[in-house]
Each structure stands twice: as structure tokens, then as C-alpha cells.
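Shared between the two complexes below is subunit A, which pairs with subunit B and subunit C, respectively.
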Partner chain A sequence: MRIAFAGNPNSGKTTMYNALTGRSEKVGNWAGVTVGRKESPIKEAFTKGKEVIAVDLPGAYSMSPFTPEESITSEFVRDEHPDAIINIVDATNLSRSLFFTTQLLELGIPVVVALNKSDISDKEQTKIDVDKLSQKLNCPVVKTVSTAEKNNGLDKVVEKAVSLAGTAQTAPYVQADIDLKDKAAVDREDRKRFDFVNGIVKDVEVREVLSSETQQSDKVDSVLTNPVIGILIFAAVMYGVFWISQAWAGPGIADWLVGWIETFQEWVAGQLENSPAIVSAIVADGIVGGVGAVVGFLPLVMIMYFLLALLEDCGYMARVSAVMDPIFKRVGLSGKAIIPIIIGTGCGIPAIMACRTIRDDRERRASAMLTTFIPCGAKIPVIALFAGAFFAGAGWVSTVAYFLGIVLIFLGALLIKAITGYKYRKSFFIIELPMWKVPSLKRAFLSMMERAKAYIIKAATIILICNCVVQVMQSFNWQFQVVEEGMEDTSILASIASPFAILLIPLGFGAWQLAAAAVTGFIAKENVVGTLAVVYGLTNFIDVDELEMTGDGNVVAATMGLTSVAALAYLFFNLYTPPCFAAIGAMNSEMKSKAWLWSAIGLQLATGYTVAFLVYQIGTLITEGHLGTGFLPGLIAIIVIALIIVAIARRVRAHFDQQYSLHENAKAAA
Partner chain B sequence: MNIQTIIAVVITAVILLLAIRYIYREKKKGTKCIGCPFAGECTKYGHHTETENCHLPE
Partner chain C sequence: MLNKVRDMTLLEGNVGETYTVKGINTSDEDMNAFLFRLGCYSGEPITLMSKKKKNCIVVIKDSRYSMDNVLAEAIAI
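Now for the complex of A and B:
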């Protein structure tokens, strides 16, 4: 038996699905979190031993397939004929929710309405006559609170759905037989449906607080979504998140963890004292040291995700979308592009995939190309390492990294708009601002632990293997002889990385070790930290003795031989070049065009190179009064990049001219 | 080779084999990114089978 969970976005479907199935699918306090469907068996405690599969569908406002999310829902319900539908209705917004309900009731499949968020509507002193509503809709209506542990109504909902499975459903409202291609006719019918729904709501609902009245939350929203103040508040909030996670609480806990890792590494090295040096190097330095260096940043990552989960759950991130939307539209991106960018702070791959909800081809591809400029979770250890080693753990480093990423997205969008000759056009972005709520610490904790698990898995697999390979390549030369200490420049790794290092001289970090770390970063960005630990023989990027990320910072800085400016340039190079091969693979899937894919890779490489060049050269000029090494070759490289962009733009526009100069085409055809 | 070396080599080999096996199995399942926190949720971004790329229906 299959029961579909359908309803408006952010009505609580996934929360209910998780509660009934025991899964932990991602829940966000804003619409658009679920874009695909998920299936899982409902726990037997709810089904009394029967096998029932729950299918969680993306939120939809109607059965009309205006967006991919809605088309998944409408196609599933129409084509796969579930045995019953549990329609999750937001009790705080009955009039909007019931539009979709009346459409579901027309399908002939038994529907049970779960009147969700009943606790919130009770708090608002909104009274809903459940029995009357059930009578008017010709289906059972059950009050639910899917976030509650007990007395949540979920068992009753499932019981009703299972008992009705396979029976017929009478629709209280049936749409007239119209031509669905006739927009005017569809609009007329929709209005009739709304009138029907509003009639029901008027009969069953009594509100103390009218939605037209301005509430305290509306006043807060007007400030948070203000185009100027909103952005400043966002900047302050994110600075707070970074400061807490990377300058205060994070390093404190990481300190303790790194102490244990170091102790373990010393013990392993001690056990292998009499072993061949290569064995000790691979095991103690490569595996324990390299992986340990990455794992050492785990507390910073966990705290940051905990705080971001709180921000998302309270409803703030939806407000951020509303603030950024007008700016995105101005640079030729869809307003929807903000969603992938916010997802991208976690991971670039789902962020790129989330771009598929953008209908326009050019906007979708542009968003997929640019979204990885926002630093993802894998880049947090890299940011934390350089912030700690070179800038005394200052919170501004992270803040600048993220905001510079946003600026690069805007500039990149303008560049793409200029190249493709795209004129500004109206696009629409509609998002429901969820109600403010006290964020769930439990959900934030679970989200944090999920990330931590994924981080450790990555460290124990990809990073472990990479560090082993790097250590072996650093320990042997091309004759497969062990390289003596101090002679690492003759190793396989040095000979492969050195040509890349030459290209990076104008950026201030022409050492082969840094080039090697940057290259391994394309496998997984955390590898930058792991590889640096291996090539420089450093594990402790977090000082144990002084309990903060500054004491040994000088040792790290001295070992790497970088100035602060060069370190910042190196950091930005790693942040803004293509993130990882998996993300490139995701772009390949979404672009569906080799030209766009290679343009994306080229744009990201060019951006990382240019930003690093500017930071290093201008920074050196300011701090030391002279330009940095390799200014001229670097400038030539930037000019070449600019010329390539101009050439591409001219080719694209020439193609447009050819395609759209109709009289020339007509002459040619004649 | 002393006993510590042998143990270290064996443990390292086992850990590496387990890591490679895990990556291989995940890739066979269709996971796009090993260790990505969304790896198990890639299906949420569209109708997804093991043989298809993640595409929403047109």
C-alpha cells in the first residue's frame, strides 16, 4: 500500500514523513527544501503491522505544473495512483492550502486531511471547526502537530488513510470541463475554486487575528527585508556565526581534539621508531598526521552548521532570500538563484542541482556556473587554517570570504549577461516567508551530527587515500628510491607540482608544496589542509599550549614561507577556482552543453587566478610599498584572460547577428 | 622487519582497502560525491535512478 504525502510547501510534510518513517530527510523552515520525492515504509507502530509505504512529495500550491516541483507531485498522483493521500494542510493558512486540497479530492483517490501546525493556530486563537470542515470536504480531517513527540495526531491520520485505502472519494467541488490551454478559462475556473474555498473557510474558521493586520513579525520583516538594512543585518549575523564557530567556541574545542590527535601521532611515530622511514612517513605523517589535520577542524565545521541550522529553522534564511532577490534580478539572474547559493554554503553539488528549478536556460546555466563561488562546507577547514595561522583567528576572514563570493557571483552574472548579450527581463520569484519560530535545538543538533558524520566519512575515505598517495609521491623519486630528508624537491610530487608552481608565482605562492595542495584540492577541498600537513610535516594548525589558534600560527606561517597577503591570496585562489571534480560533474549534468561547461571551468579558474593576483599584488604594494614578484607575467596572464573573454563575447554576439539578421538569411536562402 | 612495522603495514593496508571498497560501493549506488552531506539526499533534486543522471522531468 502506498500513501502519498502532498500539500503546500512548508506545510510540514517532510517533518510528518520523518516522524512516521523514522527517516531524517532534510527539513527546512522555508518552502522549496524538498524538490524530489522520497519513499520509505511507515513504522509498524502506526500501521498496526501492515506494510505501508509513505511517499513524500515536493510542496505544490496546485496541480498545475508551473514548476518542476509541482509537476512531480501532479504527475505522481495522476500516474501512479497511490492508495490514499494524506494532504497536509497548514492550519495557519487554510484559505491558501485548501485550493490544492479541492484539486486532490477530484482525483477519486481517498484523501485524509492532516490539519497540521494546529498548535500554532491555537496559539493565534484561530478556531477551526474540524467536523464541519470534514463535512464540507467529504473527507476525514485530523488535527496534527507533526513536530510534537506525543499526542500529535499522526497515528489517527495513518489509521484513517489505511482504512480508506481503495475506497472511492467524492469531490466537493468539480472543475468545469474547459480547454486547459485557454489561460483565460483556467483563470476563471481557478477564481471559482478560490470562491468555493473561501466560502468553506468563512464557515469553519474564526480568527482573532486577521492576516490583513500588521503584526509584530511583519514589522520585524519589514526591517529584515529592507534592501539596505537587511543586507547589513545579514552581514552582521554571518559575522557572528563565523566569529563563534571559527574564532571563539570552535577553536577552543578543536584545540582539545587536536591535542589528542597529536598525542596519538606521537605514539604511532614512537612505535615505528625502528621501522623503515617510509613506513613511518606514510602511517604517522601521511595517514595520522594528514587526516588528523583535517579532522582537527571538525569542531569548527560542526558549530558553524549548528548555527546555520538554527538560522534556517527560525525562518531567517527565507528573509535573506527576499533581501537578495532584487539584486539578483538586476544582474540577470533569476531571483530563484538565491536558493542554490544558500544551499551552496553546505555543499556545491546539491546547490548546482537545485538550479534546475530555474526555467530559463541561460539563467539556469549561469546560476549553476556561479553558485560555487560561495564557499562550501569543504572549504571551511581551509578558511579556518589560514585565518588561524596568518590572521590570529580573526572572524573577518570568513566573512570576507563569503561576501566576496557573493560579489563574485554578481560580477560573474554581469559578465555572462554582457557576453551573451542578454537584456534585462522580468523574472518572478515568489517565496512564502515562514512564520518566525524558536529554532529547534534538537533539529539543529541532528543536522550538525549529520554533517559531522559525512565529514568523518570523507576524511576516512577520500582524504585518507589522497594523503597516502601524496606522502608516497613525496617520499619517492622517479627512480622509486626513497628521497632523503631535506631533498623533497627531487620527489615525484615536487616534479609534478613545480610546473604549476611557476604559474602561481605572480600570485605570491610559487612553492611546489602549495601548488600540490591546490591541485589535490580539486579532489576534495579539505585535501588542501591534508596535503599541506603532509608536505610541510605539520599537523598542529591549532595551538595546544595556548588554547587558541594563534600561538603556533607563527610556526605554520614561517614553515609555509608566506606573507599574510600571499596567504590571503592563496586562500582566495582555493576558494574561487573550481571546487572539486564532483562539482564539475554536477555542472556537466546541469549545463548539458560542453561549451557552457568549459566556460564555467574557465571562468572559475580565471576568477580564482585574477582575485589572487590582485590581492597579492595590491596587498604587497600597500603593506611593503612595492609590487609583488612576477607582476608583469601575471599582468600578461590577466590581459590574455580578458582578451579570451572579449573574443568569446564577440563570437557569441556574431552568432546572434547571424541568427537574427533575417534579411541576410533570406538573401542567403534565395 | 619488526613486529610494529608488520602491524602498521597490515593495518594501513586494511584501512586503505576498506576505504577503496566503500568508495567503490558508493559509486556503484550512484552517489555523486563521497562524504558529501547530501550524498544520501541527491534524489531529492529530481527523479533519480541508478543509471540516470539527476534530471527533473522536462
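Now for the complex of A and C:
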């Protein structure tokens, strides 16, 4: 038996779904967190042993979809015949929600209304006559509080839905038989439906506090959406998130963790003392060292996730969208693009998926294309490594990395706007400001643990395998003989990575080891750290103090043989080239266009290359008074890139101008 | 639903006041339909909660929304 969860955005569908199934799908206090369909069996305690599958769907205001995620909902309830529907209705907003409810009731599938967030409506002293509402809608109505552990009404909702499955309900309102292609007729019918809903609300709801009265929260909102103060507050909030996770609490815990990993590595090396050198190299350096180097950064990522979860839960995201919209609009994006960007500081994949709520095709694709310029959680180890090894752990490296990410998003958006001829199109912006809510520490903790689990699994699988492969490839030459000391350049890895390294000479880091690390980074960005650990035989990347104790200066920096400027260029190259393959896959499914996908990958490659080139060449010019190696070939490469972009722009625009003029002609003819 | 008579737009409204929507002045059908679904159409009340240079906050039905002034200007009151 399948039960679908449908309702308006931000009514709490996923919170209820999580409570019933024990899953931990992403929730957040803004409209449009869920963008895809999720299925899982409901816990047997709720179903009395019956097998019932819950289907969580994205929020929708009506059966006629507007955004790609809304059509998932209407298509599912219409075409896939769930056995029952639990319609989650936000009790604080009956007057809007019941429009969709009456549409669901017409489908011939039994509906149970869950009057969710009833704790909030009680607090607002809004009285809803549940029995009367149930009578008027001709379907069961149950008060629920999905966020509560006990007396939350969830068992009752499930019980009703299960018992009704397969039965028939009579719809309280049936749309007249009209021609659905006739816009005016549909409009008239929809008005009638709203009138019907208004009638019900008038009868069942008594409000003590009118929603149009100014509340304390309205004053807060007014400040947060102020174009100057609001943006400063946003900058301060994000700075706080990064500072706490990457400078204050994170590194301390990471230090401690790295200590344990090193002890373990020494112990393993000791156990392998009598085994062949190659075995010891693979196990102690490749597996434990490489994976350990990545796991050491886990605390930074965990704290980051904890803080992001708090931010997502309280209702701030919608306010940020509103305050950022005017700025984003200038570069041809929607204010909603800030949500993927914030999510993207955690992971690029959900960030790209979050773009689905952006209505305009061009804006949505451009957002999906650009959002990964913001460094994700997997890039934190890379940033921390370079900040620690080359810049004495300076906080500015991380700040610059994020700030430059945002600048690149803006520049990229301007470029896309120029190429796609944005001037012809109009777009409008509206976002619901949900009620503020005290963020749940429990949820934030769960989100953090979930991430930690995923991170460790990734380290123990993909990264482990990559490190082993890298270790083997650099230990053997093509004749499968062990590479001797001093002959490292003959290894399989060196000979494969060297051609790539040549391309990187103008960027200041033409060593095959660095090229290999950058390439493995496409599998997972943490691999950059893992591979560097393996190819240079280093593990302790984070504890700068200890590194300083081991010799005069910095071991990591000395081993890599990079200047600080080249190191910064290499870091930026890894941050702003295309994301990992998984994120590229997400981009592919969101863009639904090969042309956009390849443009995205091309733009990201070009950006990473150009940024690294500029940082290295200009930086070298400033610090050493002359240009770096390979300036001319690099410059030629960048000119070629620019010419390609211009060519694409001309093609797209010619096509677009033509289309637009055809459109105009057609209009004139009509 | 182009209104020939020049009504006041929501953008010209006073903060804190509730108005009745007279119509949506737009040739963009999407905009019209989108606002409709939220309950913003002729005959329904709308309250202006705050007004900024580029955007404003309104109450439609029982929810608060932030909208850009392109939209606010299209709402005739």
C-alpha cells in the first residue's frame, strides 16, 4: 500500500515523513526544500504491522504545476494511483492551503487532512473547528504536530489513511465540466473554488490575531530585508559559520583527531616491519596515511553542517533570498539562487538540486552552473591543507576562497547573461517568508552525524580505492617493476600525469604529482589531499605547530617545492575547476540540456585555469619582480578560451535575435 | 486582464494598510496565474507590511511574502 504526502510548500510534509519512516531527509524552514520524490516504509508501530510505503512529494500550491518540482507532485497523485493521500495542511494558513485540498479530493483517492503545525496555530489563538472542517470537506481531519515526540496525532493520521485505502470519498467541490484549454473558463472555475474555500474558512476558523497585524517578527524582517543592513548581517552570519567551523572550534578537534590517526599509522607501520616494503607502503602510507589525511578534516566539515542546519531550520534562508534578489537580478539571476549557494558550502549535489525551485529555465540552469564555485565541504580539507602548509594557517586564505567563489558566481552570471541575451526576458520574484522558529538542536545534530557518516563511508570506499590505485601506480613502472628511489619519474602515475602537468606549467605547478592530485579530485575533491599525502608521503597536514617543530620551515611546503604564490594558484585551480563527477551528474539531470552541461563544464575549466594563471603570473610579478614561467603559452591558451566564448555567444545570440524577431513578426501579423 | 482605468498600484500604497486587489496589470500570464494560486486576485485583500527601494513585504491570505517591486507595481489596488 502506498500513501502519498501532498500539500503546500513548507507545510511540514518531510518532517512528518521523517517522523513516520525514521528517515532523515532534508528539512528546512522555507518553501521548496524537497525537490524530488522520496519513498520509504512507515514504521510498523504506526501501521500495526501492515506494510505501508510513504511517498514524500515536493510542495505544490495547486494541481497545475509551475516549477519542475511541482509537476512531480501533480503527476504522481494523478497518474500513479496511490492508495491514499495524506494532505498536510498548514493550520496557520487554511485559507490558502484548502485550495489544493479541494483539488486532491476530486481525484477519487481517499484523502486524510493532517492539520499540521497546530501547536503554532494554538499559540496564535486561532481556533479551528476540526469536526466542522471534516464535515465540510467530507474527509477525516486530524490535528498534528510533526515536530513533537508525543501526542503528535501522527498515529491517528496513519490509522485513518490505512483504513480508508481503497474506499471512495465524495468530493465536496467538483469543478464544472469545462474546456481546460479555455483560459478564461479555467480562471472562472478557480475563482469559484477559492470562493468555496473562503466560505469554509469563514465557518470553521476564528482568529484572535489577524495575520495582517504587525508583529515583533515583522520588525525583524524589515531590518533583515533592508538592502544595506540586511546584506551586512548576512555577511556577518556566513563569516560566523566559517569562522566557528574552520578557525575556532573545528581545527582544535581536528588536531586531536590527527594525533590519534598518526599513532594508529605508526602502529600499523610497526606491525608491517617485516613485510615487503611495497606492502608496507600501500597499507601504511596509501591506506592509513591517505585516508587518515582526509578523515583528519572531518570535524571542520561536521561543525559546518551543524551550523548550516541551524540556519536552514530557523527561517532565515527566505529572508536572505529576498535581500539578495536586487543584487542577483542585476547579474541575471533570481534571489533564490542564494539558497543553493548556501547549501553549496556544505555539498554541491543538494545545492544543484535546490536550483529546481527557480522557475525561469535560464535562471535555473545558470544557477546550477555557477553554484559550485562556492567551495563545498569536500574542498575544506584542500583549503585547510594549503592554508596550513604555505600560509601558517592564516584565516584569510579561507575567507578569500569563499569570497572569490562569490565573485566568480557574479562574473559567471554576467557572462551567461551576455551570452544568452537576457535583455529580452522579464522575470519577477516572490518568496514566502515563513514564520521564525527556534532551530532544533536535535535536527542539527542528526544532520551533522548523517554527514559524518557519509564522509567516513566516502573516505573508506572511493578515497581509499583511489589512494591505493595512486599508491600502486606510483610504486610501479610500466614493466611492473618496483620503481627505485630517485627514479620516481618513471612510474606509471608519472607518465600518465606528465602530459597534464605540461598544461599546468603556465599556472606555476607543472609537477606530475600535482597534476595527478588535481585529476583524482574530479572523483572526489578530498582526493586532492589524499593523493598529495600519498605521492609526497606526508600525513600530518593540519598541525602546523608540529610541522614547524620537525624542521626549520615547513615540511609540506618544502616537499612540494612550490612558491606561496604557486600554491595559492594551485588551491584556486582545484576550487574553481569543475566539481566532482557526482556533482556534474547532478548538473546534468537538473539542466536537461547537453549544450548547457558542456557549457558549464567548459566555463568551470576555463575559470579554474584563468584564475590560477592570473594569481600565479601577477603574484610572481609582484613578489619576484618578473613574470612566472610559461606566461606566453598560458596567455595564448586564455585568448583561445576567450575566442571560443565569443564564438558561442555570437551563435547563441544570432539564433536568439532571429527567434525574437520571428516572435515579433508573428505578433505584428496577428 | 489589462485594466484601462489607471488604478493605484500596491507600490503607491501605505505601509500597514490593507487594500482590495482590483486586478493584475500584466501581459505575463505566468505572473497572473502565480499570484492567483497564492490568493492574490481581484476582490481579495492584500496588506502592505513594509516597503523598500527594490522590494516589499505583503500579507496575502495568511502568509507573508517578499516580492520585488516589479510585482508590486503590477498589482492594482
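Methods note: the second predicted complex is superposed on the first by the 544 of 670 C-alpha atoms of A that agree within 3 Å, B and C clash if a C-alpha of one lies under 4 Å from a C-alpha of the other, contacts with A are read in each partner's own complex, and residues count from 1 in each chain.
What we mean here is this: a contact is a pair of C-beta atoms (placed from the backbone, for glycine too) under 8 Å apart; a residue touches a chain by one contact, two chains touch by 3 or more.
In this text the structure is predicted, and so the values were computed from the model without any measurement.
> Given the touch rule stated above, what does A:C466 touch, subunit B (first), subunit C (second), both, or neither?
neither
> Quick check on the superposed pair: does A:E432 touch subunit B, subunit C, both, or neither? Answer first, second, both or neither.
A:E432 contacts subunit C only, not subunit B.
> Quick check on the superposed pair: does A:S222 touch subunit B, subunit C, both, or neither? Answer first, second, both or neither.
A:S222: touches subunit C, not subunit B.
> A:S275 in the overlay: touching subunit B, subunit C, both, or neither? Say first, second, both or neither.
Touch status of A:S275: first partner only.
> Between subunit B and subunit C, which one contacts more residues of subunit A in the superposed model?
B
> Regarding the shared-chain residue A:C314, is it in contact with subunit B (first), subunit C (second), both, or neither?
Neither subunit B nor subunit C is touched by A:C314.
> Of the partners subunit B and subunit C, which touch A:K329 in the superposed model: first, second, both, neither?
second
> Name the contact category of A:R96: first (subunit B only), second (subunit C only), both, or neither.
second
> Once the structures are superposed on A, label A:L137 by its partner contacts, choosing first (subunit B), second (subunit C), both or neither.
A:L137: touches no partner chain.
> Now for A:L105: first (subunit B), second (subunit C), both, or neither, which partner does it touch?
In the superposition, A:L105 touches no partner, neither subunit B nor subunit C.
> Would you pull the subunit A residues touching subunit B in the complex into a rising list?
25-26, 34-38, 68, 71-72, 75, 268, 271-272, 274-276, 279, 282-283, 287, 346-347, 349-350, 353-354, 356-357, 377, 450-451, 454-455, 457-462, 464-465, 468, 524, 580, 582-583, 585-586, 589
> Looking at the complex, which residues from subunit B come into contact with subunit A?
Where subunit B meets subunit A, its residues are 1-2, 4-5, 8-9, 12, 15-16, 19-20, 22-23, 32-39, 41-48, 53-57.
> Can you tell me which positions in subunit A touch subunit C when the two form their complex?
Contact set of subunit A toward subunit C: 61-62, 64, 66, 92-96, 99, 183, 187, 190-191, 194, 211-212, 214, 218, 221-222, 225-227, 318-319, 321-322, 325-326, 329, 359, 426, 428-433.
> Tell me, which parts of subunit C touch subunit A in their complex?
Touch list, subunit C to subunit A: 16, 18, 28-31, 33-39, 41, 44-45, 47, 49-50, 52-55, 57, 59-68, 70-71, 74.
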